[in-house]
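First the structure, in the form of structure tokens, and then the observations on it.
Residue numbering begins at 1 within each chain, and the chains themselves are lettered A, B and C in the order written.
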Amino acid sequence: MKPPTSFTSVHDVDQLDAWLDQAVAYQQNPLQDQHLGRGKTVGLLFFNPSLRTRLSTLRAAYNLGLQPIVMDMNQHGWQLEFADGTIMNQGKAEHIREGAAVISQYCDLIGIRTFPSLTDRETDYAEQVLQQFLTHTTVPVFSMESATLHPLQSFTDLLTIREYQRKAQPKIVLTWAPHPKALPQAVANSFLQWMNAAGHSVTITHPPGYELKTEFTEGHPITHQQREALAGADFVYTKNWSTYAPYGQIPQPTTDWMVTTDKMSLTNNGYFMHCLPVRRNVVVTDAVLDSPQSLVIEQANNRTYAAQVVLRQLLKGTNGFKSASSGKRRT
Amino acid sequence: MKPPTSFTSVHDVDQLDAWLDQAVAYQQNPLQDQHLGRGKTVGLLFFNPSLRTRLSTLRAAYNLGLQPIVMDMNQHGWQLEFADGTIMNQGKAEHIREGAAVISQYCDLIGIRTFPSLTDRETDYAEQVLQQFLTHTTVPVFSMESATLHPLQSFTDLLTIREYQRKAQPKIVLTWAPHPKALPQAVANSFLQWMNAAGHSVTITHPPGYELKTEFTEGHPITHQQREALAGADFVYTKNWSTYAPYGQIPQPTTDWMVTTDKMSLTNNGYFMHCLPVRRNVVVTDAVLDSPQSLVIEQANNRTYAAQVVLRQLLKGTNGFKSASSGKRRT
Amino acid sequence: MKPPTSFTSVHDVDQLDAWLDQAVAYQQNPLQDQHLGRGKTVGLLFFNPSLRTRLSTLRAAYNLGLQPIVMDMNQHGWQLEFADGTIMNQGKAEHIREGAAVISQYCDLIGIRTFPSLTDRETDYAEQVLQQFLTHTTVPVFSMESATLHPLQSFTDLLTIREYQRKAQPKIVLTWAPHPKALPQAVANSFLQWMNAAGHSVTITHPPGYELKTEFTEGHPITHQQREALAGADFVYTKNWSTYAPYGQIPQPTTDWMVTTDKMSLTNNGYFMHCLPVRRNVVVTDAVLDSPQSLVIEQANNRTYAAQVVLRQLLKGTNGFKSASSGKRRT
């Protein structure tokens, strides 16, 4: 495995099977690489709320002997300016150019969590915040969910599917489900990207108008008939997202899309998956979520080991970097 | 000592003397069990403000080699839904069922701090938040103050009394004192519960109308005459609380209840105790608080050792639990 | 080097050269004193936002094996009352007397960050918050920027100047620069204080009306002609501050004070310095900030080593203190 210099999508993974094997090794013995992070810090920068990502990444860091430095960016520091050439005479006190370079002086690895605006598609899909950090940091950066992708979640999902699959080519369904708020497309985009990389076809089902960006869906069958899609499914990956075009809307579908026991009965005794948090009796019924076929807690558990592999790989890559823990650096 | 699987009241303590002895051992040598928490994490979940509890529990965790994961629940994650069967189409994004199970994947122990509503007595005394965590977590849970009890504080108070008592059966007084805001009954309830368990009678004094729930007061003398209660006291435990019936009110008493030097002179050179924070010159005068008879800082100091014993006992109990640090778990 | 019992200004440094040498030693080998903080905690108390100070001090603490306890004072705990003798029946729940004493029970060192009001000069220059902590804590206290001084920044600045100076007596200029908000005088005051202690003369330049307190400027040349001041400069330390008299105002200067490439061309190929955060194209142009002569990231990097020396010195001083990590304390 060649250490990547950043982790923002599946494209940063050179050998997916080796990464999955390493995750399984950490499931068995999470503390086997306690020495790896000794004397090093990981900065976790949150522009948005987080429970699973925050806790699992902290746990993964501790498992590797890394010391965490958590910044809630909207509370602890200064508002960041991301545009170049601006005359900074308004509310924002610090430019990303300094912000990112400065954080690089104190952290050996930097994780970023940033949500999309859902109002400006071009900016969101350009991943402005993440890209600016990638440009201006001098240490490895990893995504803890970006505007359009959530690779730590998808790595976890793939790990969980590999663990529970009963045949080489399981039927995997990605189904849209209802939600009262406009949500990002990141989890769905990223799930498709990772399934693709792992050679899995995914049957996609959503109401008309909820088409995802074709970059992510091409090669996968798409249907507006949820029940048809669910027939014979081994895994039912459920997720809400808002529309891609027009961007960030939530038109009400004409049929009901909540995942129910009745619908799950169409599957091949399929597993229910969701990245969480999940709104009960809106996205999915209590009965499905509380059934033995639900893997949502197993997915959450695997977040630790997925994050741990990513941190491990980036740490192995820091030899080529100017390291905060090996003394004075220049930028 | 048999390790408990949770710590929410004195009823989770099997041998109170042994717990007190262990606290004294930690006073003498706080780092003696540094190995105990190695590779393990403690999640500290705050639904409400905290200074002493937050810092002393962090210190206790570090003393045991535990790695802390702090969540300020109203700021960092998602609003939790506690009611079962709800259609979650309003503001709350995550159900306690998932929330608690998920946190259990990353933390070997979980501490919860949650205050009462002071508007709905039944819900408060049912300890809804704490009980839901107890039900849905898969690792040991401890209270960092709940709606109606504050066992870490009371353990500390008992430890402090044992340290300063000059006779086997000291006269211990619990006196109500004024406060501008409606406060919980938790500290008073819990104090009585622990004194009871330790075989101490407590003379309770408060204005008419401030009767605590009889479950906590029975067996203890109660008077509305503060001066009478203070006569000959060895320890004056002072605390404000709002009324139990009607619930959460703060009727003005007809006499003054602030603790003063004059009142303290009625005691047997008694010690002044308070859990802090304390409002000076409202609850108690500067003179009393700054006198050598005040034990408030000693109480605060003992918080560390009380928390450390609780964490120790729960850690010893984790052998029987599915542990986040011993590899992959199922729920 | 004699260990100080607090660090709030250059006056707490007995041998400046030895402190600088120690910082250089940490630049080369940051982990050489990993044992020093074992079993000890440092409390970092933030009353105001912080990025560099928060992260660099955390990094420095980890480098020394110290465990950090971070409190965002306006979010996590209780509002503190600083006035003595007050009847505390308003919004503030805890007095600094208890607050500071209590935190001392859990932390072996305490860092405080507090900004000035910029409305009441007397109170600000009396350093009320910091002084109250100094009075009521029982462990060493260090400033992470106070109302009128920022010694960790200035120590860093001196370290950076020593690293980059090309002659024994470089020309150092402190120039005021524009800013849309009223800012403290702390960085400028403190810079002058440390340069003085190091035997450096500083040419001060600012618009009329922006005179700093004479305590800090005396002995240094002052001019209102920025270009004249910059002529032949080896270091251009740039900073905005609001007026000292009348206090906290920001009258618009009649000429432009932004630092530009044109102005830098007047210098002796001088280095540009700023403590950050900096407002681009208001305080200084992009071109200057992005030029090889800019030392702002190097300054940020040195924050770690400056903080590490301060923590080290205070830790060495804790032998004479009642230590939280050596068992039960009395106050």
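The working rule: a contact is a pair of C-beta atoms (placed from the backbone, for glycine too) under 8 Å apart; a residue touches a chain by one contact, two chains touch by 3 or more.
Only a predicted model underlies this, so the values are computations on that prediction, with no experimental measurement involved.
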Same-residue or different-residue interface between chain A and chain C, half as cut-off: different
Fitted rotation between chain A and its twin chain B in degrees, CA, nearest 5: 120
Mean-CA-position distance for chain C and chain A (Å): 38
Residues within chain A bordering two or more other chains: 75
For the chain C and chain B complex, residues of the former touching the latter: 39, 41, 43, 67, 69, 71, 75-78, 81, 84-90, 93-95, 97-99, 101-103, 105-107, 324-331
Touching residues (chain side chain A, partner chain B) in the complex: 27-31, 34, 46, 49-52, 54-56, 58-59, 62-63, 72, 75, 180, 276-282, 286, 289-290, 296-298, 300-301, 303-305
